[in-house]
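My questions will all concern the structure given below.
Chain naming follows the written order as A, B, C and D, and within any one chain the residues start at number 1.
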Amino acid sequence: MAVTMDVGALQGFLAQAFPQVAEDFVVEAVTADTLSVALRVDDRHLRPGGTVSGPTMFALADVAMYLMVLARIGPQALAVTTSCHIDFMRKPAAGVGMRAECRLLKLGRALAVGDVLLYSEGEAAPVARAALTYSIPPG
Amino acid sequence: MAVTMDVGALQGFLAQAFPQVAEDFVVEAVTADTLSVALRVDDRHLRPGGTVSGPTMFALADVAMYLMVLARIGPQALAVTTSCHIDFMRKPAAGVGMRAECRLLKLGRALAVGDVLLYSEGEAAPVARAALTYSIPPG
Amino acid sequence: MAVTMDVGALQGFLAQAFPQVAEDFVVEAVTADTLSVALRVDDRHLRPGGTVSGPTMFALADVAMYLMVLARIGPQALAVTTSCHIDFMRKPAAGVGMRAECRLLKLGRALAVGDVLLYSEGEAAPVARAALTYSIPPG
Amino acid sequence: MAVTMDVGALQGFLAQAFPQVAEDFVVEAVTADTLSVALRVDDRHLRPGGTVSGPTMFALADVAMYLMVLARIGPQALAVTTSCHIDFMRKPAAGVGMRAECRLLKLGRALAVGDVLLYSEGEAAPVARAALTYSIPPG
């Protein structure tokens, strides 16, 4: 269960495959079954009141799980989200970035399953929790 | 079970409360327990390959449920999403808009529950299905 | 999009493949994308207070989706639930049976997606809503 | 954030409030934000083939979260499940018990949110993952 792509390889893949959003996300750490990625918050990501919007949190959870899967199977852009369940538990802190902590629970031949917790930087209690499944293209 | 806000009132509320995204969404129809809203697709909404991105679909499902709740309880910007479960079933069609069809299943004092189906314009089979809950602020 | 198994064939399959629970469920109607099944409520299905328990509602939603899939693909006992999201919206009525109304949203080669609404007999408002996915064994 | 009910108090509460199922569940450990509970597998819990059934796994995840909430708020039988999202990831091992590991993510005034991983005894990889929310009755 080794990692196929490290932090640098994942960041490089994002820059190449998703240039329009790659600068929003900073891959921070990766192991065989965990991955951390930070969101550089920009005005585009905020809702009225200055907190990170729901769609932005969805995007952050989704990219965390996507990169977690790629870290294991390599740069296959065709891995796609099949489902995401997200619970919004606390209001994000205003004026700070966010961070996603992903945990891979299953990497099967056809399906990957993982959890993501989202945190406002500097806060101990998670803002949101997501449960995702990804479809993996046939090898 | 009458509607408190009609199509025009909902569109006006969006324009006032969420000016940065209001032009993306066109409220098309509302009844006591259904609501239709269309997404005007823009480059910002697309992923590589030209189809609507996951976060955009999340945003469309979320705004449909939000407007459905407001249609019944009136313009309370503080209604917030507590959970969203979304299944991505088919690839969206490229180069066309999307439409959300929301169905309200429960409007309680504290919680609202609904379903949303997302369609690419001109297609009969839904692209995604979402199950949402909203927290309603105390009256 | 024809139905491969009708009401009688589905009921017969249950009796043969799941004899210990088959008598709990009565298949009532099936079309290419809808299925109704009733639960004959027994003491085993109740929680203190006399209403249908959560696990029983889960079982009813699950069997409804399972039979919906089989109605289309034929008697393949190996179709398995991959996920179920269930929202409990109202307390079931005491002393009456329940009914599940399933709607098939996608039947792909590997995955089926559907919705189920659960009702207490005689009540118009649904007690629970479930969103399920099934994995379909390779043909 | 102290625990209000310890292992013995939780087990005693189950026996009193849910006598028909209390013997199925053995509370093993509890802290302020984690709880472990084992299922004593009986024929009633199995599906054809001898593995634990989906409704039984739902029941185990649900009781784990219920006891986790009670451990913090005390013996309030009226706490009710509002939603459960469950992913079935691996086939349970036959002929052995199961264990649920619950993690409490939020305990608000009205809503509690947690995760549960289910394991077959002796296996390292989880069989299922559940994400639950509970409604907490007003104090």
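Some notes on this structure:
What we mean here is this: a contact is a pair of C-beta atoms (placed from the backbone, for glycine too) under 8 Å apart; a residue touches a chain by one contact, two chains touch by 3 or more.
Worth saying up front: this structure is predicted, and the values here are computed from it rather than measured.
On a Cα centroid basis, the chain most remote from chain B in this structure is D.
Ranking B-D and A-B by contacting C-beta pairs places A-B first.
In terms of their C-alpha centroids, the spacing between chain B and chain D amounts to 34 Å.
Centroid to centroid, with C-alpha atoms defining each point, chain A and chain D lie 28 Å apart. Between the CA-based centres of chain A and chain B the separation comes to 23 Å, rounded to the whole angstrom. Counting partners per residue, chain D has 82-83, 85, 87, 133 as the residues that reach two or more other chains. Residues 17-18, 47-48, 53-56, 58-59, 62, 77, 80-88 of chain D are the ones touching chain C in the complex. Remark: chain B residues 82-83, 85, 110-111, 133 touch chain D in the complex. Of all residues in chain D, only 85, 87, 89-90, 105-106, 108, 113, 115, 117, 125-126, 129, 131, 133 touch chain A in the complex they form.
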